[in-house]
Amino acid sequence: MAYYIDTMTVHVQQLKVRIHQVHPLQTPLDATKCHCVRAHLTQNTPGSSSARRPLHGQVRSPAGEVPQPHIPPHGGARRPRAAPATWVRLPGAAPVPVQGILERLDAGEIVIGDGGFVFALEKRGYVKAGPWTPEATVEHPEAVRQLHREFLRAGSNVLQTFTFYASEDKLENRGNYVAEKITCQKVNEAACDIAREVASEGDAVVAGGVSQTPSYLSCKDKAEVKAVFRKQLDIFMKKNVDFLIAEYFEHVEEAVWAVEVLKESGKPVAATMCIGPEGDMHGVPPGQCAVQLVKAGASIVGVNCHFDPDTVLETVKLMKEGLQAAKLKAHLMSQPLAFHTPDCGKQGFIDLPEFPFGLEPRIITRWDVQKYARKAYDLGIRYIGGCCGFEPYHIRAIAEELAPERGFLPEASEKHGSWGNSLSMHTKPWVRARARKEYWENLKPASGRPYCPSMSKPDGWGVTKGARELMQQKEATTEQQLKELFQKQKF
Amino acid sequence: MAYYIDTMTVHVQQLKVRIHQVHPLQTPLDATKCHCVRAHLTQNTPGSSSARRPLHGQVRSPAGEVPQPHIPPHGGARRPRAAPATWVRLPGAAPVPVQGILERLDAGEIVIGDGGFVFALEKRGYVKAGPWTPEATVEHPEAVRQLHREFLRAGSNVLQTFTFYASEDKLENRGNYVAEKITCQKVNEAACDIAREVASEGDAVVAGGVSQTPSYLSCKDKAEVKAVFRKQLDIFMKKNVDFLIAEYFEHVEEAVWAVEVLKESGKPVAATMCIGPEGDMHGVPPGQCAVQLVKAGASIVGVNCHFDPDTVLETVKLMKEGLQAAKLKAHLMSQPLAFHTPDCGKQGFIDLPEFPFGLEPRIITRWDVQKYARKAYDLGIRYIGGCCGFEPYHIRAIAEELAPERGFLPEASEKHGSWGNSLSMHTKPWVRARARKEYWENLKPASGRPYCPSMSKPDGWGVTKGARELMQQKEATTEQQLKELFQKQKF
Amino acid sequence: MAYYIDTMTVHVQQLKVRIHQVHPLQTPLDATKCHCVRAHLTQNTPGSSSARRPLHGQVRSPAGEVPQPHIPPHGGARRPRAAPATWVRLPGAAPVPVQGILERLDAGEIVIGDGGFVFALEKRGYVKAGPWTPEATVEHPEAVRQLHREFLRAGSNVLQTFTFYASEDKLENRGNYVAEKITCQKVNEAACDIAREVASEGDAVVAGGVSQTPSYLSCKDKAEVKAVFRKQLDIFMKKNVDFLIAEYFEHVEEAVWAVEVLKESGKPVAATMCIGPEGDMHGVPPGQCAVQLVKAGASIVGVNCHFDPDTVLETVKLMKEGLQAAKLKAHLMSQPLAFHTPDCGKQGFIDLPEFPFGLEPRIITRWDVQKYARKAYDLGIRYIGGCCGFEPYHIRAIAEELAPERGFLPEASEKHGSWGNSLSMHTKPWVRARARKEYWENLKPASGRPYCPSMSKPDGWGVTKGARELMQQKEATTEQQLKELFQKQKF
Amino acid sequence: MAYYIDTMTVHVQQLKVRIHQVHPLQTPLDATKCHCVRAHLTQNTPGSSSARRPLHGQVRSPAGEVPQPHIPPHGGARRPRAAPATWVRLPGAAPVPVQGILERLDAGEIVIGDGGFVFALEKRGYVKAGPWTPEATVEHPEAVRQLHREFLRAGSNVLQTFTFYASEDKLENRGNYVAEKITCQKVNEAACDIAREVASEGDAVVAGGVSQTPSYLSCKDKAEVKAVFRKQLDIFMKKNVDFLIAEYFEHVEEAVWAVEVLKESGKPVAATMCIGPEGDMHGVPPGQCAVQLVKAGASIVGVNCHFDPDTVLETVKLMKEGLQAAKLKAHLMSQPLAFHTPDCGKQGFIDLPEFPFGLEPRIITRWDVQKYARKAYDLGIRYIGGCCGFEPYHIRAIAEELAPERGFLPEASEKHGSWGNSLSMHTKPWVRARARKEYWENLKPASGRPYCPSMSKPDGWGVTKGARELMQQKEATTEQQLKELFQKQKF
């Protein structure tokens, strides 16, 4: 027997708390998954979990069955840790330590990542497409904080500092004078502070993140590029983030340099590349990329950005096979786009004509995300998140799909019935008729755009590291430079 | 000569302020529009506008031309008012009164509405699809406040209280026990407080909003339905909103009742129906709906929700013609969906199989919005906003499209170059080649979904007011009721 | 009980003939239709139909049921006529008179038209797109004869002489010197001879056809235009066609002139316009067009060409309503395109960017035709055929869909199982699994063209009768004229 | 300077003949191609080609330039042969020998194949989908003859006997009792006679064709399968066809057996498989398939059917590379589908849900064919034809695209202007504006089907040789067998 979980309110030890109800699942899960659910339920019965679980209770079963023990939102099972870095304070309970990323993954837990900051904040009005830099941490901290909170509420166990493209060389590229106006240090520090503040409100750890640099693309040498990463790392160490992520690398060579720098800190390091099955921009296949990253010190490897969930999973699978062939061990991680990109070339969605201001028709639905989360889980990935395009509701969909395995739903599910079941409250009867899994699982959503095609031909200029047009340039692109580019591009 | 405007920083009277630059437009506007720009520019030259404008300055022209006077963000031209209800305090300037909605419209100004709260907050995790009720004003005020701020920053001149479906009968429909847990009064009061708080940060007025009720659909009589509206109005009056909106009505009869109640307040009343060119659910054509609403006391009439921009504009055009034929005067207003719905039937997007969890491929782009804003303006509509699906960046697109007419850009445009020009800062040269109007104007964005169609057949159960299945029901929909609906629906 | 019919061979009076078997239909027909079948079956039992039917017999029922009387291919029930113009000689039987078009329609019979000659012969290599003239009747009579035979075999009861655009003024338009090389008279005479030859091989009548003229578009007067039609009519009379069709008229004024001329002959006249629901090029609505045509002498009116089946039926419905309102009686006729054209404007498929060399993805399937035939029948249309794009298999689909009503299948059905049932002979099991109505009825066929849209914007130059660019011109279009057109057209 | 060619009439030695005009091409060809044209033109100047060419003449140049020598339809330059098997009699000239297939290919000539008989004749009413057998050669020889003529006229240099699936075992499979009613021998003999009759009317050779057998799929042994092929070969030898084709093989093992049998005849043998880049049904890659076929005796190898032009060319490229790696020489040949099949799996279009009665939206345009012909030529393929779906106008498009290389146009081009130029004769000015290459080359044709997707998921039952469901079965598929299949298939 398998279950799905919905919210309810019960009284536990004089405390009125909102927790989740367990119903039999309409679609039976397979044996492994059922086992998983049971394990969680078992190790959390009132008597068995000592005082570690802040909330639990007897759940009223829907049809008079034997009551099932229940795990509320906010937590998976945890063991005490020697030196917990942070603590989670859940309402009505003593603080418990938040577990580190590796403890969780080593214990077989599912870790849910967060979504895409630059795309979400661009739409909210705080990030400029083009430079994509995160000075909003200083200019509009309330907006960044709110997005972190939404991801936390949606189920994220990791809050990445909003430091994407916050390396000094990137902050002052092509007429974007952020470093000059605000300083690289302030942007990074503010990002750490905000992430920590929100993480402390729930069950999440903070990851300091670095990404690829204009310096590398401009052929600076290894020492110079490493110095750029080290500048950000210093701030992460000062702010005591929980672990580190090197993400969004198109060249494994640069990613390895980043991992080597981050590894100097002694903290766990995760590394993801924005590549597809064809490998990095220099042609290194995914399997070899993974091997190099693990050898450089990464404990978690995978893929982020540039491709849709299916392509990212295909690529992570190649990484997994590469590691197995090399007899190396690492946790796997996936943070794909929330856009359908079956028509991408090697360099991903950047090349699609719709990037970045016409991607709307490609946005994936929550049901697409549920399929992704299931497939990722089945592939053995345990760090499952998203990248550009992933909004809070997409992250929530990961948490809902894997609720049977994890034993609990995210807080945001109080406003979302699994597989559309909140539609049973809709006024119109034909919408109430959509309150079921079969409906949404089988829907082929129309675009409403009969004059548009379903696929595009990506631009393929075939330039990479070292190409003149990719060189860093502090000054704004000139009219003349633009004119040349306009002529080069047919559309 | 016509212009487009981009942000820049200049020094005005010892004050370093961020204002906007005026460039010649690549695509020439027609004479009327040019005239418009000039008019704005003229009435705001340093000497000519007395002390009413908080910010102004000489703008450095891009190519050594004669400097153009400039209107900064945050304001249009305003005349003093007898008894200003509220004041706007812009940085480095004395407060100026915020003008009322009718003063603005009567003066020929463009008023930009806000976007869709229930859809945006559902994705952020604070609203439940199905009941769609706004208890987040009490449960998560910070989330509601943040969204208001984003719309204000994007250019909204009206902040609607988040009181959609906040009538008492709706708050406790079909198992949604909000009224019981929180009370209708608290939800409405909190909504007013948040909207006022944010409106006072910029150049916006607050509108208290009511919408269609389960009571009407359940055939309650006129007095009963009016009592429901009056309960919300009492709170709006207590909180002193600036004007009132009756929106999202499928039946003109109920809309008229709403307008009659709201008109009792003495405040200006706007009224929008969620209908298409075929008219209301009882077959009353748009032109007649408009006539009835204006006769009932509405000063502004139009259409919101249920249809895409093209269909909404077609419907408002019919309203306009109806009013002209009846020799009635009213301002026009449009707040369409941010979804393409060419395949909708009479009842709009509710019927589409994708509603509400598979609408992603239909989301309109910012360029679609610019076309909508231009078309709305050309049709004579001056209150231009959005409804479900409209995110802050969609509102920004209205403000950017109409910047030549208004003479200024919204604050959020500091993070957005008009027609994609911020892409000139992108690392990849082929993306920099997209930094121009021609590119985005002509793009036919692909869906990335080759296995999906471009249009859907709407569900058409043909039930409306009075149908048993539309009756209000406090208790949750039962399993048996759902089963019957599931069988009724083919998919 | 309803039936479907498949081919079989039986022995009737020492003669081995191929006739058709009657099986119970899987999908029950409604009572009216069943009645229809029975009526047909009854009036054709061996004893009841005197000696008029050349072929009949007892059919071996598939599962030992009571044998059903049977109507073979080639015939419906017929009554003797006073002066039969032509006779049909079926194998092994004495000749019987072929009934006239009005006798058939008056008796409630379904008359099946033929398909599109210019498009089919263009693909076969005998007609030039652009002029679209029918000189193939002289140049390649065997090709024209073969196409007539295929339509006859597919079930056509009318063979139209291939005289489309065979008016003298059209035969020498814009550099097409047919009239000069071959003469208008020869083209028309040959067309009559071929049609008569093939018609005499089966159960079909010959219709002489005229269509709109360059003279009218060039503003020649009524007498001149009528003289053009009269030239063709003289040949039709000399060759003694069975009835006359005025087809493919964009302006009802010209169509009326044509009907008036044809009516001089004393033969029955049918008239179809190539218009949609918006009416003719001068804005005359379909209902009024129908009324004018009937008043001018047409016994059969309807629509041909320019639009897909759905649009044509919608237009014929408006004609029907116009006639009813005017208390006029006429038979209805529809000969639509075999292309999907939901995106057409007022002037039909000519305006679509795909016309005429990129229409392939719009070609309708045989199943689309079956739906069309059923809908046409239900609307009361009894002369049901096709126009451009209709290949023999499309006509066969009309005959198969209406076989229950008519009581027999066309000869070509010996090579086609109804609703795909011949696939039960396919080698691959998954293709055999497609041998059923449910499969084909529900299929949403993919285009295999993910880079193409599903709809197009029609060219709309808005020119009609009298416009300079529509004037007849004997000489070929010059390079200069082309250059001007190329510049005028954006694509 | 490069040229395109259009038809005109000139007087040559008292003889009025229709030949073709040479115009400068708007789009310049590259040097190689120009060279090619020139070569042809040179070797055919009046004085230089002795008496072998029946037609030639001075062509009036369009703008007073120096007259160009001209090559008429029907022929390329030919050298005398030792023992010519057949002769071509062109009007007004002494017979010249038709060259053999290998002489042509060895001399570097382009040989144009024919199109798809079973699909074309199914639509015309003479072939039954499911069995797909060619008994029409006996039942309706005039229909088969007409199709041969159309292909010849369109430019085909090879007429394949219509003997596809005419092996004895196939003629009586699954309730198709052709062999019993007509005999295998008669079907094959009639096919040879018709093909020879039509070939003698033009410049074409006759190829006897065999294809894969039910015997092989039913696991009969090598000797038994070879005996099936030998039966057809005996007839081909008796009727003295010019060469032999083994085509439509899914398993290279069976194809090799067929080639071995055909090779016994001493005549040239061509062999094509219906495979894609993934190789044959047993997983043998295309390169290896080609090597095995050439070693077995094939002089020409390639791919036919099952996939669209792009996929077929990709597969032939793999064959070419396989042969090069094995240092084997053979001519290359391609005869793809006229359907777009980007979504096919390993087994090709049979698996697509649209096969065979819903393929219309996938039909390729003449412009798609021109791109295919050019790509095939550039890849080094010199035997270029089509398979299912290829209608005469598709073959004409091959001949028109390669006219610059060949120096002449096919006869059917008298009714077709290259790249749409006959539209300059169209009545409507906006259609005349389409009389140019740029227009048609860039058109993305819409499907007119907004409710349909652009790609399909192929059925993939994964059964092949030896599977119970593929076994030959003389009796018709039973209702019970069908029911099982229906349940197995989801749609």
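Chains here go by letter, A, B, C and D, matching the order in which they are written, and residues are numbered from 1 within each.
Following the convention adopted for this analysis, a residue touches a chain if its C-beta (ideal position, glycine included) is under 8 Å from a C-beta of that chain, and two chains touch if they have at least 3 such contacts.
Protein identities per chain, from UniProt: A, B, C, D = Hcy-binding domain-containing protein.
Being a predicted model, the structure only gives us computed values, none of them experimental.
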Shared chain contacts [chain A and chain D, defined touch]: B, C
Centroid-based (C-alpha) most distant chain relative to chain A: C
Geometric centre distance via CA averages, chain B-chain A, whole Å: 32
Gap in Å, rounded to a whole number, between the CA centres of chain C and chain A: 61
Between chain B and chain C, centroid-to-centroid distance (C-alpha), Å: 52
Touching two or more other chains - residue numbers and ranges from chain B: 343, 444, 450-456
Contact graph of the chains (line, ring, star, complete, other): complete
Touching residues (chain side chain B, partner chain A) in the complex: 122-131, 142-143, 146, 149-150, 153-154, 173-176, 214, 217, 308, 339-343, 350-367, 391-393, 396, 411-412, 415-417, 420, 422-436, 439-440, 442-456, 459, 461, 463, 467, 469-470, 476-477, 481-482, 485-486, 488-489, 491
Residue ranges of chain D in contact with chain B within the complex: 343, 450-457
Complex contact set, residues of chain B against chain C: 444, 450, 453-455
